[in-house]
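The chains carry the letters A, B, C and D, assigned in the order they are written, with residues numbered from 1 in each.
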Amino acid sequence: MTDFKSILEDINQQISNTEDKGNVADYIPELRNVNKNAFGIYLNVLNNKNFGIGDYQTKFSAQSITKALTLALAISKNPEDVWKRVDVEPSGNPFNFLSLLEVENGIPRNPFINSGAIVIADILVSELEHPKEDFLAFVRQLSNDNSIDYDIKVANSEKETGFKNYAIANLLKSFGNLKNDVDTVLDFYFMQCSLAMTCEQLTNAFYLFANHGKCLQNKLHITPSQTKRINAIMLTCGFYDEAGEFAFEVGLPGKSGVGGGIVAVLPNQFVISVWSPGLNKKGNSKLGMEALEIFTSKTELSIF
Amino acid sequence: MTDFKSILEDINQQISNTEDKGNVADYIPELRNVNKNAFGIYLNVLNNKNFGIGDYQTKFSAQSITKALTLALAISKNPEDVWKRVDVEPSGNPFNFLSLLEVENGIPRNPFINSGAIVIADILVSELEHPKEDFLAFVRQLSNDNSIDYDIKVANSEKETGFKNYAIANLLKSFGNLKNDVDTVLDFYFMQCSLAMTCEQLTNAFYLFANHGKCLQNKLHITPSQTKRINAIMLTCGFYDEAGEFAFEVGLPGKSGVGGGIVAVLPNQFVISVWSPGLNKKGNSKLGMEALEIFTSKTELSIF
Amino acid sequence: MTDFKSILEDINQQISNTEDKGNVADYIPELRNVNKNAFGIYLNVLNNKNFGIGDYQTKFSAQSITKALTLALAISKNPEDVWKRVDVEPSGNPFNFLSLLEVENGIPRNPFINSGAIVIADILVSELEHPKEDFLAFVRQLSNDNSIDYDIKVANSEKETGFKNYAIANLLKSFGNLKNDVDTVLDFYFMQCSLAMTCEQLTNAFYLFANHGKCLQNKLHITPSQTKRINAIMLTCGFYDEAGEFAFEVGLPGKSGVGGGIVAVLPNQFVISVWSPGLNKKGNSKLGMEALEIFTSKTELSIF
Amino acid sequence: MTDFKSILEDINQQISNTEDKGNVADYIPELRNVNKNAFGIYLNVLNNKNFGIGDYQTKFSAQSITKALTLALAISKNPEDVWKRVDVEPSGNPFNFLSLLEVENGIPRNPFINSGAIVIADILVSELEHPKEDFLAFVRQLSNDNSIDYDIKVANSEKETGFKNYAIANLLKSFGNLKNDVDTVLDFYFMQCSLAMTCEQLTNAFYLFANHGKCLQNKLHITPSQTKRINAIMLTCGFYDEAGEFAFEVGLPGKSGVGGGIVAVLPNQFVISVWSPGLNKKGNSKLGMEALEIFTSKTELSIF
């Protein structure tokens, strides 16, 4: 049987010896103050047990990782709207993401690029009575942890500097693919991204993606078929324009965030979260990617 | 000697017989209510006299035509800033105008595409004490006509629906090429575009471009060299992605607006304004283009 | 236990009742003459048995399906060169595939778009003593079937009309990413695409991708890690700009061709080939896609 | 009266003192061997006289300058075909010239980018009995100089390395916008570009553009209206993606080539050719641009 504990310890050892830890995101002022040497992993092996290493109980900014969670919630509320207003193809082109929106008439390539996530936010603003409170309650329920909360400072920091997201939301609006006010939608969107969570909490929150749509407490939130599809999108689109590389090197559906977190899933088998704040050039956690690569190599566990 | 009067009458005759008058702009709600059959021309031959035909004293929305006037004012205030923050190349690519901004790091291709004009508006907001009042005073002085005014309804109409311009301004801001607030700059920009003017007033306002920078009242606003350069930009960029076509068919520097107006200039010789509200597919006045084509063919007057 | 036989029969039934069978590819003259009603499936369940339905023993043009086989052979010969000269990211953008090559300095996005496959062909021309003969021998060995052969008529047909591929090869050459002559490489490339194979032969040829790199005769051609990576690329890039859709709807690594064939793989479990010549708008077999969707729904077997 | 002679001498003086002479084109091997310090000007003032300075009688490779001459010849033979198969808009986008062709279905933006010039070459191959001989005869007649000839070495050098042009021609062919064989058209195209001419010969050859379509020997080759239109295209598209800059700084219709030559025209007034082999980053003669800028500043002669 795979000795997960010693594999995680090996990874921790190897990572702590790596000098190049990437660069901490600085485009959101509040994110700059994080400790670059922080590193944590939390693994949940289904029907088995959990393993934590390093700073797995330190909170960090979940950022884009939350896009998988808003997608799940939006699909549980209004799947037709989701698939009518957002496509499921990899975006391919980082260098002109706005132009894609233009060329493709305001239909974002997928729900994990910013434009797609903003449309998903718009759907939640329409579907939920109290969007911010309801989404927070959803995440707390998934993780079975009421200590999870937004980080208002981070949200405000992004609100004051997130001009590109305002550009995107206005462009969506010009194409009729944003139903609510730009400001209302972005208020929710920046709040969602600001969620502060630990590796442990993230692993628990993503448990439903490895478990056919049922969360830790065995409640069904999305159908098995919907779960399968979100996993497919995480694999093809979860890592910005490095999705192919991640599939190639790691071979797991997953979602990364500029806070340095990555959550990855092997359906029926495990959920794993890694956190290291330094990013590579494509905006994914540098050591997080490397840790997962070692993990799937050593365990020989991947979807391929 | 050229008989301008009878040439204009011929044009009027020919145009009134044309059935396909194009389509009135409908993206700004307030613009929809214009009379599609309106048609006017006003010609000022330097050192000679003026000729008006048809509805040359009816006011219409000047819209993008004002971009030549804000450019002139910005150059008179701060030419270094203008050329550092805006390029002078034709945009070429209508289909992905936002992506060009992305690829070229927030430097608009030229001052006559919306992104460029918004940067110019930003410069004026920085340079003028009372931007709206001061720009209006400038245009009134150029035209020697204090009855010229903004059309607040049109400005508000565009403010409520101009999401693409909000997208552009936010994108510029994200690249650091907008110094003032997005809302402040667009307030001024929408106001500027709303200027209601007649063919006669527009011809008078553009007199300086044919007269080495000196307006009707012989006051020097921009240097001869600056005038020459604005004329060059009007020729290469004055007609959206139909600039080449206009140079090819008409052969004059000029500027069009979606209100259906076109002003064109032959340096040292004349200024001419045409107005017909129906647009062709590229957004320029359909009959206005045709009228100017006939005019330069019959008079054999063009820069080429 | 899953009753594969009756599932395949159900699919056959359902498909034969579908009226809209898509459109047969007509850009290669020789491909037009195929029978649009042809339909076949061949399934190999590892360590179990094989199932054939319909026209699974009729030969058709494998076309782009062969790109997975040339990739495997190139990787077995010179993996460093492969990953240095071709990327592994989805292309995303069908509308300007050549421009991507330009923007990205002649490095194709992945080995399954034409530019990438032409670079792979170039590598094989360099690595193999007798490229055409040696590649054919490789496929025959994988399938354990010496009756497999090129279809010279199809190859010649494409050679005379494949101007876009000549454009691509010359563009690659201009960037220094084609080592051999354009004509030599395209001769091989068109030949490779012309391979005529049955569903049964294709399933057998792809057996190694489900079996850690070992072919039907238990010979190791590529390492388990290389196999995993090719599967990852098949998932993210195997279906032109419909890769995301296929991952989303079907959830298997696979490769399609304009001849109407699709081969898909579930590592450790099965290989399946489908053939129906009518294509959907994105160039993939319309009924083939539908058949595989039904298959993974009914069997609940997918990587997600 | 303007003292052209002393103005040219001033320019020569100023230019010879400039240290940064740009970089000689090296993408065509044969062009590398030119003397970087060469500099010549030849001016023809209509109805007045000619002025030569420096190396105005040294032959150099005319390259893209010939595109204005093939365009004139094609228009004189088959104007309908020219304007149906090539547009007249500035290309704007240097970074993805091939993608524009794709997006715009094989219709080149204008006759002066390579794709447009290759379509013009295709038209001449169709219209002329002996394309190479007939075009040479045309240029010799325009210049009244039978010593003008192709430089076979340069043509062959480009043929062996001009993969991008092969890519373009094949792409045009794939869109049906090339009627003759790729090789036949490019043979002619490379030959045309290889024309070796002096400043004096080029000025004489372009005389018709300043003279309503009549050449030095008073023969009418193109109509006044066609001449006007070619001048318009030279202004908006004659300098690659620096056309706006040239219009802005110099203000004359003109055409440049990577051999370091530039010819510019002021209708009814003069034709001027400049040669300095070092290029700026956009591929136009660095000192040639500067010389013309000084010329139009000092003479105050421009179209604006």
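Operating definition for what follows: a residue touches a chain if its C-beta (ideal position, glycine included) is under 8 Å from a C-beta of that chain, and two chains touch if they have at least 3 such contacts.
Since we're looking at a predicted model, the values are computed, not measured.
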Chain at maximum distance from chain A, centres defined as averaged CA atoms: D
For chain A paired with chain D, centre-to-centre distance based on mean C-alpha positions, whole Å: 55
Chain centre separation in whole Å, for chain D relative to chain B (CA means): 32
Computed distance of Cα centres, chain D from chain C, in Å: 47
Multi-partner residues of chain C (each touching 2 or more other chains): 95, 100, 103
Chain contact graph, described as a line, ring, star, complete graph or other shape: ring
In contact (per the touch rule at the top): chain pairs: A-B, A-C, B-D, C-D
Sites on chain D touched by chain B in the complex: 87-93, 95, 100, 103, 109-110, 224-225, 227-229, 231-233, 235-237, 241-245, 247-248, 251, 253, 267, 297, 302-304
Residues on chain C engaged by chain D in the complex (per definition of touch): 95-103, 163-164, 166-168, 170-171, 173-174, 182
